[in-house]
Amino acid sequence: MDAKQLSDGLATRFPGKILGVDPLDGTLGRIRFDPAVATDLFRSLRDDYQFTHLTLVGATDWIDHREVFYVLWSDTDRLYLVLSANLPTDAPVIASSVPIWPSANAHEREAWDLVGVKFEGHPDLRRIFMPEGYAYHPLLRSFKIHEPEDLEVKVRSD
Amino acid sequence: MTHGLWNLRVRIEGEIIKDVEPEMGYLHRGIEKISEDRHYNEIITLMDRTCYVAGLAWEHLFIVAAEQALHVTPPERAEYIRVLSAELQRIASHLMWYSAFVQDLGLMTPFLYGMRDRDLILDLFQSYTGGRLTYEYMRVGGVRSDLPLGFTQRCRQVVDWLMDRFVEYDQLCLSSTIFHERCDGLGVLLEPEAVAYGVTGPMLRSAGSHRDLRKDRPYSVYDKLQFQVATASTADVTGRYLVRMEEMRQSVRIVRQCLDWLDDHPGPVMAEHLPRWLGAPYAPMGNESYLLKRNYPTGVGLSMMEEPHGEAGAYVVNDGGEHPYRVKFRSPVLINIWAAKRYLPGYRVADIPPIMGSVDVCVGECDR
Amino acid sequence: MSSVTLYSVAYSIAAILLGGLAHLFPAPVHGWLISGDVVTALATVIFAAILLAASMLNTILLIWYERKLLGRFMDRRGAMHVGYAGLLQNFADGLKLFRKDTVRPGQADPLGFWLSPTAYMVTSLVIFGLLPISTGWNGGSLPLTLLLALVIFSFAPLFIFLGAWASNNKYSLIGGMRSAAQMIAYEVPILLAVVAVVVLAGSFDLNTIVLEQRNYWFWAPLFLALIVFLTGMLAEMERIPFDLPEAEAELVEGWNTEYGGMLFAFFMLADYLRALVGSILVVLLFLGGWTLPSYIPAALTSFPLAGIVWFMVKTYLVFGLFVWVRASLPRIRTDQLLRLGWMRMVPLALLSVILAALVVLARCLPLIGCVPSMGG
Amino acid sequence: MDGTSASGTEEKPFLWVTRPLATAAKQFAKSLWRPSTVVYPFERLEDPKFRAKVAVASGKPIGVGEIWDNYRGVHALNINTCISCNLCAFSCPDVCIEMVTVPGGDPKHPKKCPQIDYGKCSFCGFCSDACPEGCLSMTTRYELSVHKREEMVYSPAKMFDVYKSKLPMNPIRVERPENEDQILLDAPLCIGCNACSRDCPTNCITMLDIPKLTPKPGEKMPKRIWKEPVINDSDCVRCGTCISVCPKDCLFWGTRQ
């Protein structure tokens, strides 16, 4: 399987929702997709293309938008595939991939904690590294580490 | 729970575990955030502190991603030195795991044996990197310095000694009925579940999977080296023990091959034609408008590696500036711990130390 | 064997002291001071003081011995800075603990909290006083010394559980419950193993048991019982591989989590005192006490206090065995421990009782004749 | 899932514990004479005599990393050869190096040498790698405990003392790449202020007259003689001081055509 085959296959399945394929060394490529079809795309990739392993979910803050990227691994083809979707800064929401790959649980919590991307349908979307009640998402570019900021820590209720 | 700063909230009924909930973040140092303000080479100092028992492995991981993002190719000798370092580091990390794991079972002796033998590897590291725990050795485009004279001979001496010690370790553990009583059939995580939960590394291979990125997707010079992937079939704590022990033996094999190659092929260890801010002295870069004029290529680097704890990843976005725009790491330990919801319930409270010990937790890399 | 006994030593010290003291006083007081009752009373006090000092010194020496021995097993050195080869290290540690504040958790029950370590310590000391370490060197020769010693030995789970409950801590409580279950479970095989010895010796008196071993030591016919007794003693002492009550990986420090300072030192000392007592019991019951085989040259057995010296050598060797086990085996789990106790040790102990009976039977049958001497 | 294991004592012989016992006893016999411990304050791995006497003689590979010159310990600073180029301070990822004035410079341009705060230092060695003169290097001294936080700060004089104690020093010199970038001048912006030439630690910048500068029609000839810096690339240590002092930002890194 090469990138062309895969993107063509996906493009026929999700017309207009696959926005492009960039080459990326050491992987099959980087597929940009429309976040609206996230769940269906993930399910299709897992069931039809044997990307059984979700390695990484991360997010980047590009000031004007936020990018969510997924790194998938196919055991049959021994290849990585990178998916990427752009989300608007004012509503960074995408469907959660936990129902399809349970391994996304911690990754998505981390992305929510640090970059502030909301994953709809995540079973337990809480902060993971930062204390509960922390007001910032530290990996946003607007967060400056050298500036003092107030830290409000809410005590756990349980 | 031991092994660093983290909590495992356990709900029990009598002695039986019903549900677990890991709590992380006590060691979060914001390495990904600090990286945004640092030169590529300066991030190396953070990498050593990411996983403090496998510093060189993480340096290797980041450097490969950064080189891919910056379009730099290191010389082959540097690659061999990196692989040598990573494999020695794997042995050191597994020795550390062995020490801590058997200590959790209540046996103190192997702890001291393991630490004693790990120290020999640290001695080796010190002789060529100058540090015993934080090495700061690899650089974008190569490594800091070449191996010192007589290093290969000393290294062979150490790995020969280690091969003898591995036999002793097995005698202390595998030959003991009590060890089997404590470890057999505990923490079973079968392959389909392990894959679904993203578990990698020795935990996955103990379930019979042959997945090892050094074989499946060879990076650096692993495609030129002969070794086998260690697997076990029991998917339990004993299986993980067996996998790690065998991995150490295979690492010794790789180390020997690297040493042979390094003996025969002297050469440069640093790439030429590096961008300005990657060369040795770092200096003020001047006005940003000049920086933009320079038009260095942008890029994305993704490296995935078989780190001692599992499959680690680094994702580096280079937007043409002197600092990376975004650095993202995949910590195998975080995911392996997260799957505890799957492999802990049903066992007893007294089984938590061996099971979680067999995961090989390194909180530094988990929290970053 | 010298005829000097512990009591005679104490009595002479008392007599000398009072005799010297009496010269300072006029006649009536003088006469009263050297009267038998007063001397006996003072002799008893001195006797107890000697016992206390001996037990404490031995215990502290035992800790040092374990640290050094364990160090060598682990390729390290053990304590080595305070005193020669670290001999005084434990005194320094004790001093440090003594100076520390003892903190009682707010919710803990004061009576149980204070009583538990004290009682644990006292009971352990009492057993030490009961055990003879050479002819005449014991607190008192009762016909049922062994039984009494074992009864007091089995008080321990009560006090441990008391302390654990009183500390009002979940780890302490779990540790205390584990400890009680473990000790009670292993008392059965221990007692059965002792029964085998008693059957063979025909007496509960430890002096008699040792004297019965002048021909052959009991470990040879009662090897099974020795194994059971050693295992049981390991469990009673809560040493690795049976130290689950203190399993520091899952329970912080087990039943003494909440104890600090001198109270912790009490627990620690009492633990090692029990280890000492256990080793002494092994030597008394199975290894011939202070006797030596007859092929040992007389020069080695006839010097003054030879009995005590050889007895202590044997005791320390037995304790070395426990340390060796600690250095090479991991800890086992509660259910496995109990299973081992009830399903392996009890049948083995019963078997050894039968064996002992058979040996006695064989001794009595003129057709078979005496069992050949194994020892002296 | 059942927590208890099926393969316990039932399958394996009880006496299987003999093997670990034997292993421990073997180690006991081996370490009876000399355990592997290095008795630290009295024996030191960096001491060659110790390595020769104990480590080699005992047959244990103690101290196999016998090269201690590479060790990254406390810095030694040779004040006499320091050129105040600032490169160590620039290269420090932890910002723990501060350039402080030391006696020896002229009043207008005081001599500045690094002062290191070991409370922040991560001993990465970037500063000694960056030092163009080799006057800042790392030694084998690793004992740093002090009673007060202020004592963590090592002044240049203190590091000069370390230098004078003649400890083995880190010999690694990271070689300067051949194709290194040079400092270029955006000539139209230059006002000829002489700041770069004045502050250059190696005096490799000379100010030359600009012959071709002519006034535009209608303007007066400038009273000052306009000058422009010319950089001697072979002497330049690439410290970038000129770039940071340039008031017009007209110096920048690049490759000379």
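Chains here go by letter, A, B, C and D, matching the order in which they are written, and residues are numbered from 1 within each.
The rule is short, and it goes like this: contacts are C-beta pairs under 8 Å (C-beta built on N, C-alpha and C of every residue); 3 or more make two chains touch, one makes a residue touch a chain.
Computed from a predicted structure; not experimentally measured.
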Chain whose Cα centroid lies nearest the overall Cα centroid: B
Chain of greatest Cα-centre distance to chain D: C
Leader among chain pairs (count of C-beta contacts): B-D
Chain A and chain B, separation of their C-alpha mean positions in angstrom: 24
Geometric centre distance via CA averages, chain D-chain A, whole Å: 40
Approximate Å spacing (C-alpha centroids) for the pair chain B, chain C: 49
Mean-CA-position distance for chain D and chain B (Å): 26
Sites on chain A at which at least two other chains make contact: none
Two or more partner chains touched - positions in chain D: 4, 8-9, 14, 17, 20, 23-24, 27, 36
Set of chain C residues in contact with two or more other chains: 73-76, 327-329, 335-336
Overall pattern in which the protein chains touch one another (line/ring/star/complete/other): other
Touching chain combinations (by label order): A-B, B-C, B-D, C-D
Touch list for chain B against partner chain A, complex: 24-25, 28, 30, 32-34, 36-37, 68, 195-199, 211, 216-217, 219, 300-304, 311, 313, 315, 317, 325-326, 328, 330, 334-335, 338-339, 367-368
Interfacial residue positions of chain A with respect to chain B in the complex: 24-27, 30, 52-56, 58, 60-61, 69, 71, 75, 78-80, 82, 101-107, 110, 114, 127-131, 138-139, 141, 143, 145
Chain C residues within the chain D interface of the complex: 71-77, 80, 324-325, 327-329, 335-336, 340, 344
Chain C residues touching chain B - in the complex, by the definition given at the top: 70, 73-76, 240-241, 243-244, 247, 249-250, 327-336
Contact footprint of chain D on chain B as seen in their complex: 16, 38-39, 41-42, 44-45, 109, 113, 116, 120, 122-131, 134, 136, 144-145, 148, 151, 154, 157-158, 161, 168, 171-173, 175-178, 180-181, 184-186, 188, 270, 272-274, 276, 279-287, 289-290, 293-294, 345-348, 351
